[in-house]
Every structure is written in C-alpha cells, then in structure tokens.
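Look at the two complexes coming up: subunit A is in both, with subunit B in one and subunit C in the other.
On to the complex of A and B.
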C-alpha cells in the first residue's frame, strides 16, 4: 500500500475531491457569468448587440431616466403589496396547518398548485379573467353587465396572479417554523390571563420571527424579479424590472443596460438574503444563550425585553 | 373541511382562512380541467367530449418533440446535479478544505437570486464564450439551478447522520471508497432520491431560465405552452393543462413521505 498521508493533507485532499466538482461547476456556470454581467454593466454598448471593451458609466446614466424610474417605483410597490398580502394570508394558513392533524394532506394540497407549471397557472387566470373569459361570460349571462369588464391587463390582475403564484413560497417556510413552536406556551399565556390575540402576538410571534423574515424574502425576491406574470396578465402600465431586462437583451440588444438593471435586482436580492441570515443567526444565538443562563445572556435577554416593551408602548 | 378542531364549536378563524386559501389555489386548476371537457370552443357548456384531448395527442407533433426534449434535459440535468450535489454535501459536512466557505455560499445563491438574473447571466456567458444555444446550454442551466436543492437536501440528511458510523467503518478496516459505497451512500439514499425527484419536477417546470438559453429546435414543454398561450385561449391548452396538473399530482404523491422536508427546503 501507499505511504499513509498525514491526516491534515488527507482531509484537504478528500474534501476537495468531494466538494470541488460542484464548486467548479458553480464557478464556471454561476460565478463567472455573474462576474461577466458586473463587467458588462460598465462597458460601452456594441453596435449590433454585445459590448465594446471600454469602461464607462453610460449604462448607469441611462438608468436615471423618468420612464425607467417609474418602472422601478412600480416594481417596488407591486412587489411590496403582493408580498404583504401573501404574508397576511399565509400566517393564519400556516398556523392552521401546524395545528392540524392532517398535515401531510394539507401540505399535499398546498404543493400541488405550487408545483403545477407556472405558465399553466397563469394561463388559467387568463382564461378566467379575460374579456371573453369565464367571469365576464357568467356575469353577462345572468344579465348583470352588458359587455365584458376589464379584469385583466392591469396592475390589479398582476398583483392577484402574483399573490396566487407566490403564496406557497410564504406558507411553506412559515409552516415549517410554526410547526416547531411549542403550542403549550400559548396555553400558558392564556392561563396567565392574556387573550388569544395578545398571546399569539407576544408569545408566538417573537418565536417565529426568523420564519417570517424567511417567508418575506422568499416571496419578495421572486416577485421583485417577476417576468412572466406582468408580461402575460399586465397591461401597458404594468412593466416591471424583469420585463425591462428581457427587452433590453432580446429587442433593444443593449447588453450593458440589461446588465446594469440586473445589478440592481441582484443587489436587492443579496441585501434581503443577508438580512434574513442575520435575523436567523441572532435568533439562534438567543436560543443558545437562553438555557446557559450566563450573566451576559441574562443581561441581553433583559435588554431585549425592555426594547420590545418600549416598542410596544410607543 | 374543518381541519383543526377547536375547543369551541365551529372551525377557528385560521382554519377558515386556510380553507378559503386552498379553494383559491385550486379554482384555476378546476376551471381549466372542467373546460377541457367542453365540446365547444367558447365558454358555453355544450356537453362533454374528449375531442381536445384527441387533438392534443394526435394533432400536435411539436408537442411531442418538446416533451421529449424536456424529458432528456430533466433526466440528464437531475442525474448530474444529484451526483455533484451529494458528493459536495459529504465533503462540506465532514472535511475542512480550501474554498469550503466559497462553495457553501455559491451553492446558496442560485436558489435565492431571481430566475431572470440566472437566465440573463447564462445567456450572456454562453454568447461570450461562443457556445451555441441548444439542448446543451439548457442542460447546463438546469443542472445549475438544480444543484442547490440536492446539496441542501443531502446536507440536511447528513446533519442527522452519526459520523461515528464512518469512524467505526474505518476502524474496522474500510478504505475511503468502501466507506463511501457501503456506509455513506446507503444512509443518504432517501435524501438523494427525493433530491432527484425534486430536480425532475423543477426541470420540467422551468420556463424563465430555459427561455433565455434555448436555441432553435431545443424547445421544452414549458416553451411550447408559452408559444400556445401567446395565441390566446384554446381548449387544447386546457386539455394539456389537465394532463400537466395530473403529472404534478403524481409526482407530489410520490413525495408524500418527504413532504415536510420539501416544505422546509422550498
């Protein structure tokens, strides 16, 4: 047999052998492409698509333009509205699922629409909402209206379909977190005189904070980068950042501008992810410190309590 | 369908919301299924018939090409992702080596960045290195977005795995290859399989990323659906929708044991 390697070298070697095939794949097909986008956003636009290799801030200057600013503002308000609606619906749903005896069945029911092809789901809404669609033909038939209402190709339809598409993204992480929650704490709070809503807000909510921020991020990021929904059910005034990026790549062939917009989308997503990781870590830290009962942990718990109390009082 | 029996009579507030949400989630699916059986083209119900299914199956040659492309890509990209992702999970969980934290970070990012970004960056990359768009580029893109899920599922499984079994195998004289094939692989196989199924599902589902990296003749099923939708509402799409919903249900059903793991990872 070969000479045995020293343990540290052996570990280094084996770890690389296991880990670097995937690491290499991601480097080549994820990190490098992302780096190219960053680079291209600082390049000059080529005549026939592509780029000229001269450094410039042109792409970012082009972004400061009233029509693009409008799109950015619209993307933000549509995504925030849709995400908040998703969370408001998802919280009671996830709670009911976590308390239910039929969790597998309920998960199944949430996952089926979630896994059904997204275009099919969008198509179904077009079928329901369009001018000759289901709702309008029913309303006309029972004589409530004479001609079709404009239910589709506007921002309302975009928000409705976005909520429909991304609701499971909010329900699933919330369910996972609430499922781990010790419900006897709620009973304890009730026994001590809190009403149902107060016990949910003061006992459960602090314990599922990381789940809420995960749900928020996992819903917000894909909605913020949505492309197909505004394209297929939105109107002329429903363009979002995702649509601009695609148009710049495929129609206008302005790659630097598309890259610059992609940078915004990437940055917003990364900020969201790091915020989520940060809240998750902090919560873990607090849970870890809790049972140790060190003076520091106690101090930080007391401080956190005071902070929460003063926030509540305000 | 009251699911949570409250101490008081009647379903609780939260289960009522859940009930309405599930109805909301299923209404569109039911509507298209129902109208796929309508013999007329319009919204008027004129009796049940299967003519749209007949049209779908016998009259749509490009559908079958797209379906074949989808299957080839789903199987090949999932297989690649499962091998690379599982190996990496083992390496990252148990060994210290150079680049470990880099790999952990980049394995997380494709999952959280918007699909448009992944699609655009790949499109620009492929044209920068002059690789022609087609089946190969779709395969690469799908493997890339599938890898994180396999990696995560297998890592989650390894978290529960008792490393002392590996040490025991080594003490008993197993070499690295034997440890891998006889101890590690059998214990992570459930996670690997659910990762594989999940990859297949996501690969068959993906539209946005595929849209960017596909070339002429390499259209997948979602791209076919997209080109049909652009023509407007048609009962043939209703029929196709029901077939795809049925497929989703079958896949989800085969997952019934892992549903909680799936929920935690999506």
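On to the complex of A and C.
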C-alpha cells in the first residue's frame, strides 16, 4: 500500500539523505580523528612511541615549561604580526579589485599561485632571499652594498613568506564583502564633507566587518599552525608550535605531548571561529535593533540629511 | 520516521566502508616476491634488477623516512608482509628486545665473512649478528667549503666555536647527533647517562656553538651548502656531495673530528611473520657479494666501511672518510627511558636560548 508522503516530510527525508555523505565523511575523517587526538593527550606516553592506555595529565604538565612558553609566545607574535600585515595589504587590494573593470582577470591572478606546490614557492623564496641570492646579488651589482644582507633564516623572513603564502586567503573574503558594498555611500560621505580616508574608515569599514573577521580567521588559523615555513626559512630561534608537534611525534616519540599541543591549536581555532560567529550574529542584531549602521539605514539618513540641506539652501 | 531513515543510511555507509577496507588488506600467502621495507633512496635499482636476473625473484620495496615512522607502522599493524626491514642500530636493538625478529641462519650467508671486524666491534646491540646483518656503517661529520673559510680552521668539533665563520655554519637538527658531538668533544661517551656530563655538553652548545650557527638544519643543509649560504655544515656526507658536481668536490673538506663523532650502522633484519625467509637470506648474501656491494657503494658514493672485499670492484676512489676515521666514534645506541635526560636538555638548547 502506497501512500504519498506529504511534500514537507518528503523534503525533510531527502534533505537528510543528501546530508549523509557529508555528515558521514566529517564524522569519519574529522570528528573521530579529533576524538583520538583528545584521548591521546590524556594518555601515558609509550617508551617507543604510541601511548599506554592509562589516564594521566602528564602531557599537559610537561607543557608548562619555560622552553615551550617561549615557543608559544613566539608563535603568537609571529602569527599576529603576519595576519595584521596580510589584512593591511589585502584591504587595498580587495578594494581595488572590487572597483576594477577586470575583476575576473584579477581573481584569476590571485588564484594562480595555488596551482603551484607550496614547497616549491618556499624554495623560490629561499633563492630570492639567500645571502648570495637574487636580491643580494642585484644590490651588490648596483653597488648599494658590498656584502650580502642577512635576509633569510630569521623571523623576519618567516613573517614575509607567511604573508606571501596566506595573502590570497585574506583578499578573497574581503573582496566578496567589498564587492557587495554600495560605493555611492562613499560619494555621499564625501559630499557631506568627509575626506577620502575618513569616508573609507567611517562608512566602508563598519560595513565590511564580517569580511575582515573572516579574513582574519582564514589567515590567522593556518599561520598559527605553520610548520614548513619556519622550518625552511626560519633560523635557530624560529621554532613555532607546529614544529614542536612534528618533533614530538617523529623525534622524541612523545605522542601525548604532541596531541596536547594539537589541542592548543584546535582551541585557538575554535575561539577564532566562535568570534567570527559572534561578530556575524552581532551584525545581524545591529541590523534589527539599531538601524543606524546598515547601508540602508545609512542611505536613508544621508537622504534625509540631503533633503534637509537642500531645504535649507532654498 | 525521519530519524530512522538517516540512521539506516548511516549504518549502511559504515558497513560499506568496513567491507571495502577489509577487502584491501594483503592476503597472508606468500606471492613468491621479496618484500623490502627500506629508507627512501637506499636500494639501488641496479641491485634490484641484478637480483631478479640471478635468482628470478622479484623485489617489491616500501619506503620509510625515519626509524620512528617504520617502527610506528610495525607496532601499529604488525609486520605488513615484509621480508627484510632496514632499521638503524638503536631500533635494531629495540626490535631485538621486543622479540620482533627472526634469527639469521648464518649457514645461508657465507658472505658474512666479508663484514669488517670493526663493524662487529661497534655493534654492541648484536655483536654476533644473531638477528641482524649490517647493511652500511656510516657517520655524520663536518663539511667545510675550503674556498670560503680562513685556511687555519680547526679540524675538530671546536670549529663551531670559531667566530670568523659565525652566521655561516649549521648543526644538524638532531638531538643525539649534536649532543653526541659535544659529549665526544668533551671526552665523554656519546651515549652517556651521566647528568653532569650532559649538563656540560648542553652548556658548551648553548654558550659557544649556538651563537655562531645560523640554524639547526636536517632538511636542506646540503642545498644551502651547495649555494654558498653555509660554509661549515654538520652533516651526512652523502647528502652534501649529492648536491654538488664532482668537479667541485676538491674544494670540500669533509672530516670526522679526531675526538670521534656519532656513527650509525644500518642493518638488515628479518621480522617475525616474514613469508619469504629463504629469499630474504638469499638477498642478504647477495648484497654482501663484494661485486654487488661495490655497486651499492658506488651508487651513493659511499666509502667501503662495511664490506672488506668490495673495494677492488669500486669505480669511485675518492672517499669522504674511511673506517679508520670511525675508531673513536660511538654508535648511537638505544637509551630507553634515559632518553629523557637528553630530551629535557635538548628542549633548552633548541627553544629557550
């Protein structure tokens, strides 16, 4: 006996059907591995790698140690600096792209570097920055310096290459939000006496906040877990948390400690994601409560102002 | 209704995954081939081809990049059908104590007679070769670009204290190698468990060596050396020389300091559960046939440290070092739980100062 389902139930059923592959995939290859890492971080280390199944907080105790504290502090300052630089460069780039007539071409140019393996791009930087590399040999040739500058194997080089690697991740979300922004608002602001910079800061920036926080998360999280860049272009004091995790797994055979450090990375990412969700929510909330800041509200305020101004002139 | 539907689907998905997963595992029966588990770039193709030609046995090779990786795999899933594994000495001794290895039948390997007596002397973990046969005995050392450093540099570990080369030197990013070097320089054993000696070695590295080096580098020191970025590198010679053309070898001085350094012996072992033990013995005997061993050495420009008969068959005649250079060196041995004495100090060296 067949009874046709009502369309709503049918849709719900289909929805869960379509949702399963992705749900299953994430459970199997994301949630389960993450759970294993969490579990391992509370286990006793095996002498020759692996873990013994005894619950202990040893790994977290070992983490409280001046050596690791220095690495944590370094990781934070390198990541924050690199992320802020990424944003500062990405903002004008994204703005220019949004206003350009050749958006497709520019987008294409941003994406192209992704087609090259990141290791190859890092090695390219090594050849550019080397003491006898591209930059230094040019500077020597034109007589500006006599001896190669120390451009590589320090934290400056790490930040430079990180900014290069993650810049597209900042530009793309900023571009999508700026592209949706109504640029006539800027003209309006200029009409009302704001100079160019003030109009960008006071009118555009508040309207693209969600893009800025997305860009921040997209760059900060991968940079915080960076491993190859500090390993290859960093110096003797460029170790970051990512390097410690690898060392603990492959050299020191301390899997619980490696898991505990991974937990820190995961926690930082979680905080970031929650912050992103929170700013998104707050923006929505603002749209509901205070009509002052949304583009529409701003537009109507501006219009009202114009009307008042033209009345006054008359 | 809705919940049930998705539950059933989920169970189905898991079942499918389990079934396909188990379908992939290797069958337990021997396929007549010889399965090796060796370091990346450590088995010359010519040897593989010649072995097949002479015995008709095909060789299948899996690769690993570190002892830890190999060991984790064996511990996690048992022997994956490998007939010969190539661990370094510390892991050879771990595998012996854990009872993971088959005994070697010496009657099937007459070529054992070619093994240099010095190897047996250094192989404290298995001096009678009951469970392991040496594959290659090598060592780290120091490579110097003589064209770029002052002529009167010291040929000892103390070279890293020389401020004239500051900013142009690198040490390996390897706890046992670097701490071992400092211990040997101070006249101690490279495998010491004495905290006072280890403290002294740590002080030496932190106060006199670390200020002069650019970085601790185990990944790209060969490339950096070849493009004149580093002039003095603590290194494995094969990695350095592989990056350079043979004409430029004359300006490279590679040496193992007289006070001794840290050396290694890579071994061939037959794991329990191997399916082709007969062929494994055949291969071990085959590789130590002097003519074949010479092919292996030439392929990597290795010096003849391990097999006494190979030298006359070799094409390469300029060696980075000889077995005499290793007389004072210590073989890196497994320290068990005492490894933490090194770990804590290495953390301070690497991360704190």
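Basically, the second predicted complex is superposed on the first by the 256 of 314 C-alpha atoms of A that agree within 3 Å, B and C clash if a C-alpha of one lies under 4 Å from a C-alpha of the other, contacts with A are read in each partner's own complex, and residues count from 1 in each chain.
One rule holds for everything that comes next: contacts are C-beta pairs under 8 Å (C-beta built on N, C-alpha and C of every residue); 3 or more make two chains touch, one makes a residue touch a chain.
Quick caveat: nothing in here was measured; it's all calculated off a predicted structure.
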item: Touched partner set for A:77, first subunit B, second subunit C, both or neither; value: neither
item: Which of subunit B and subunit C A:47 touches, first, second, both or neither; value: second
item: First (subunit B), second (subunit C), both or neither touched by A:37; value: first
item: In the superposition, subunit B vs subunit C on subunit A residues touched; value: B
item: First (subunit B), second (subunit C), both or neither touched by A:232; value: both
item: First (subunit B), second (subunit C), both or neither touched by A:68; value: second
item: Touching partner for A:251 - first (subunit B), second (subunit C), both, neither; value: second
item: Touching partner for A:278 - first (subunit B), second (subunit C), both, neither; value: neither
item: Partner chain in contact with A:16 - subunit B first, subunit C second, else both or neither; value: both
item: Partner chain in contact with A:130 - subunit B first, subunit C second, else both or neither; value: both
item: Subunit B and subunit C footprints on subunit A, overlapping residues; value: 12-13, 16-17, 19-21, 23, 50, 126-127, 130, 132-133, 232, 249
item: Complex contact set, residues of subunit A against subunit B; value: 11-23, 25-27, 29-34, 36-37, 40, 50, 89, 92-93, 95-97, 99-104, 106-128, 130, 132-134, 137, 164, 167-169, 171-173, 175-176, 179, 217-218, 221-222, 224-228, 232, 242, 245-246, 249, 255, 258-259, 262, 265-266, 269, 272-273
item: Subunit C-facing residues of subunit A, complex; value: 9, 12-13, 16-17, 19-21, 23-24, 28, 47-50, 65-68, 70-71, 126-127, 130-133, 150, 152-153, 231-232, 234-236, 238-239, 244, 249-254
item: Residues of subunit B that touch subunit A when the two form their complex; value: 3-4, 12-15, 17-18, 21-22, 24-29, 31-32, 35, 42-44, 84-85, 87-88, 90-92, 94-100, 102-103, 106-110, 112-118, 120-125, 127-128, 140-141, 143-144, 147, 151, 176, 201, 204-205, 207-208, 212, 221-222, 225-226, 229, 233, 237-238, 240-241, 244-245, 248-249, 251-253, 255-256, 259-260, 262-264, 266
item: Complex contact set, residues of subunit C against subunit A; value: 1-2, 5-6, 9-10, 13-14, 17, 66, 68-69, 71-72, 75-76, 94, 167, 174-175, 210, 213-216, 219-220, 223, 227-229, 336-337, 339, 343, 347-348, 350-352
